[in-house]
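Some structures are shown below for you to check.
In the two assemblies presented below, chain A is common to both, partnered first by chain B and then by chain C.
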Partner chain A sequence: MNFGLYVFSEPYFSWLCRGVAMTLLITALTTALSLLLGFFVSVIRTVGYMRLRWLGIAYIIIFRNLPPVVLLLFLIFGLPGLYLSTVGSPFPGGLEFPLLIAGLSLNTSAYVAEILRSGMRAVPAGNLDAARILGLGPLSTLLSVVYPQALRVGLPALGNRMVHNMKNSTMALVLPISVDSMEVLGQAGRIAGQTFAWAEPLIVAAAIHLTLAVVMSSVLNRIARSAQSKIEVSR
Partner chain B sequence: MILRVDNVLKHYGEQAVLAGVSLEIEKGMVCALSGPSGAGKTTLVRIISGLLGFDAGRLIIGESEVRADEPYPAKLYGKIGVVFQDHNLFPHMTAIQNITLALARVRGLSKGAAEARALAELERVGLSRKFESYPSALSGGERQRLAIARALAMDPLLLLLDEPTSGLDHSKIGEVLNIIAGLATSGTTMLLITHNICFAQKVGNRFAMLDGGKLCVSDTPDILGQTNGDWS
Partner chain C sequence: MTAAEILRTLLVGFPPPPEMINPGYPEFIQKMGGLQLTLTVTSLGLFFGTFVGIALAVLRGGKVQRTGSGAEAVAKAALGWISLFFTETIRGIPIMIFVLLTYYLPYPLFGVRVPAAVLAVAAFTLYAGVYLGEIFRSGFRAVQEEIIDSARVLGLSRSQVLFEIKLPIALRTMAPDMLGVAITVFKDTSVLMVVGVADMSYTARQIQAAEPVNYLLVLALLLFIYWSIAFVASLLAVRIETLWKGDGQKELTCH
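Right, the complex of A and B next:
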C-alpha cells in the first residue's frame, strides 16, 4: 500500500517545497512588518498627546477585533472597487501578495502593540527614575531602557504571534494569488485539484504546519528563556 | 556652595512631608542625613534630584535656581548623581553598558572613550573584572557599587546616596561603606542618607536629622558623641 506517497513525487513535491518556502516568507514578512507597526502604535499609545493616543487605541480596537479573513477579503476584493469609485482609475493589478502581507500584518500589529505595552508596564519605575537622573531624554529612555526590557518580557507572547502568523498564512487560500505565491495549504489544494484526492495533500500540509509550528515554538521559547534569564534580578 | 535647600515645603494631600526644610552643602562636604522612617529623607532626595516637585521654597544647585512654581531645569539632569536604596540598575545591560549608556547619549562621548571611562569607574569600585556581568549575576553589594560607579561616571556636582546599604546583608554592608568612605576622602560632595550613626560620624563633615518633615538637628558630627568606631 502506498497511501499518499504520490504527494512526494514530482511535480507535487516541488509544489509543496515551494509552499513551505512561501509559508516561511509570509511568516517572516508579516512578523517583521507587524513588529514595526506594533512598535509605532505602542509608541503613540504612550505619548502625552491625547489625539495620538486615541488614534492608537482606535487602531488596536479595529485591527484586533476584525476577523483577519474579513480584512483580507476587503483589501483584495473591496478596496479595488472603492479605489475605482473614488479615484476614477482601475486599482493597480498584481498587488494581491503585498495586500495579503499588509492585511495579516495589520491584524498582528494590534496584538504586538498590546504585548509591547504590557511589557512596558513591567519595566520597574525605578529604571525610569534612573534614566531621568542620568539625563537621558524621553526617546533615549524609550529605545534604550524601556523597549529592550519590554521586548524581553513580551518575547513568549510575541513568539506565539509569530506562530499565529504562520497559521494565518493559510488564509491566502481564499485569495486569488498566483500559484508561485501559494503557501503550503494552497499548494495542497493545487495537488488535490490535479489528483481529485484531498485527504493525502491535506494530511501532508497539516504535518508540515505542525512540524514548523513545533520547531518554531521551541526555538522561540529557548530564545525567550535566554533573554529573560539576563533580566531576572535575584535579590 | 553646591546645594542650598531653602525652606522647602512638600505636602502629600493634607500631610506635610517636608515642613520648611533648609540645608546647605559646600563643595567637598559630606552631609549625613538621618531620621526615622517616614521623616521625609527620600522625599528630599527625590526633590533635589528633580524626580518630585515641591510646594514652596527653592533650591540652588550649583549656579541654577529651582523654584517651586517652575519646572526642574532640564540641564540639571545628569549633574546630580543618585544611588537609590534598590540601585535601579538597568537589568538588560551589562555592568559596563549601565555606565556607558549615559556617557554616550548624554555626554556625547565616543564608544571607546565611554568604555575607558566606565572601566576606570568600575576599577574604582572594585568591579573591573565583572564589567561584562549583568546585574542579576552580581551580589547585592556589587550592584550597589555598580550604581555608585554609574553615578560617579557622570562627574556629578553632588552625589545623593539614599540608604545605600539598606537591604544588604551584614557581610556586604562593609564593602559599600568602604567605597563611600573612599569617596569622602577624595573630596566628593555627598548627601548621605543613613541610619548608621557610626558611619555618619566617621565620614560626615555635617550631620543633620529629619523628623516629622523638619530638620531638628544640623550640626557637626561631634554632636553624636563617642561611638564605637565600627561602622559595618
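Right, the complex of A and C next:
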C-alpha cells in the first residue's frame, strides 16, 4: 500500500486541524465538568445524611457501569421529544454537542468521585481534629483542609482520567454531530466520506491521538510528581 | 414489535442475510447478534487475549531475567522494548479508532476480506492482551523472592514452582484486576456498532430504525442490560478482592 499524502493537502488538512482543536476543547470541557460533578458527588458521599450519601453511592454505581457509547445513544436518541424542543432553545445548533459533553462528563465524574474519596481517606485523622480545635466548620474543613490534600493524592489518577476523556471524545462518532464540531476521528471519517478510503485518515487520526496522549500524560505526570513532592516536604 | 419481541431481538439480534456469511471463516460468530454476540466477542477476546498478555509479560520479563550475557541480553532487551512499544501504542489509541483500524486496514494491507465479527474478536484480543499483560507482569512481581527460593531449596522443579507456587499466589492478587479488564472489554464492545458488527448496541439502532415508535423502550432496555451485567460483575470483583486478598496475605505470612 502506498500511503497517500493527500490527507495533508487542503481542504483535508484544515479539517484535521479543526478536529484537533475540537478534541482538545471536548477534553477540556469534559474534564472541567466531570471534576465539578465528581466533587459534588464526593461531598455528598461524606455528609451525615444517610439518604444523600446513598444518592452519591447510587450515582457512582449507575454511571461507572454504563458504557459511554450506550449512555450517549440514550441521551441523544432516547430522551423524548428532544429534537422538537431544540428550535428556539439556547442551543440552536442542536443539542448533540452539549449532550456529548454531558454524557462523557457523567461517565467520568463517577470515577472522579471515587478518586477524590480514596484521596480523602489518605488524609490523616489528626488533621480533622486539628481543624476542629482551630474552630473550622465542617464545610471549611472539607474545602481548606481535606480537599487540597485529597486532590494532590488523587492527581495521578485524575490525570489518567483526563487522558481517558480525550480518548472517549472519539465516541462522538456514533452521534450525528455537525461538521463544525467534529473531533479528529469525526473529521477523519469526513475525509473518508470524500475519498472512499478509510486507511490513511484513520492512521493519521490514530497517530494524532497517540501523540496527544503521550504528550498529555507526560505533562500531567510531571505536574502530579511535583505536587507529590510538596506533600513529602509538608509532612 | 411487543416489548417481549424487542427484548428477544436485543438478546439474539436479527438473523443476518445468508449472502453476508463468508464460508471461509467460522460461521457461528457471523450468524450471531445482539447480547449473544457481545458476550461471545468479549469472552473470545479475553480468552485469546490471555495468551497475548502472557506473551507480552514474558517478553518484558522481570529484572531477574534481564541478566544474561552478550547477545542473549541484547536480544532480551530488544524483545522487551518491542513488547513495551506494542503495549503503549495500543493503550494510547482510543478503542474506537483501534476497532476502525482493525476493520479497515486488513484489506488495503493484505488484500483479504475478513468478516467484521472475526476482526472484532482480533481487535479485542489485542486490546485485552495489552491490559492483561500489564496485570500479569505486576502480579508475578508481587510473589516474594523468598518463597520461590525456599520452594527451589525444597527440591521443586521449575515448572512445579511456576504452577504450584507462583501461579496460585499471583492469581489471587490478579483476579480482581482481571475481572476489571473483562468488564472494560464488555463495555467497550459497544463501539463495534461503528463497523457494523451486529452487537447489542447495533441491534438496538436496527430496532429503532425498523420501529421508531418504541425508541425509548429499546434504549432503556439496552441501557439496563449493559448496566446490570457490568454491575453484577463489578460486585463479584469486589467480593473476590475482599475474600482472596485477605487469604493470600494469610498464606504469605504462614509459609
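Criterion: the second predicted complex is superposed on the first by the 216 of 235 C-alpha atoms of A that agree within 3 Å, B and C clash if a C-alpha of one lies under 4 Å from a C-alpha of the other, contacts with A are read in each partner's own complex, and residues count from 1 in each chain.
Here, contacts are C-beta pairs under 8 Å (C-beta built on N, C-alpha and C of every residue); 3 or more make two chains touch, one makes a residue touch a chain.
These figures come from a predicted structure and were not determined experimentally.
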Which superposed partner A:I133 touches (first chain B, second chain C, both, neither): first
Touching partner for A:L185 - first (chain B), second (chain C), both, neither: second
Partner chain(s) touched by A:M171 [first = chain B, second = chain C, both, neither]: second
First, second, both or neither for A:P148, with chain B first and chain C second: first
Contacts of A:F77 with chain B and chain C, given as first, second, both or neither: second
Residues on chain B engaged by chain A in the complex (per definition of touch): 49-51, 77-82, 84, 86, 88-92, 101-102, 105-106, 134-136, 140, 150, 154, 167
Residues of chain C touching chain A in the complex: 88-89, 92-98, 100-101, 104-105, 108-109, 183, 187-188, 190-191, 193-194, 201, 204-205, 208, 215-216, 219-220, 222-223, 226-227, 230-231, 234
Interface residues, chain A side, partner chain C - complex: 1, 61-62, 64-67, 69-71, 73-74, 77-78, 80, 166-171, 173-174, 185, 197-199, 202-203, 205-206, 209-210, 213-214
Chain A residues within the chain B interface of the complex: 124, 126-127, 129-137, 140, 144-145, 148-149, 152, 229-235
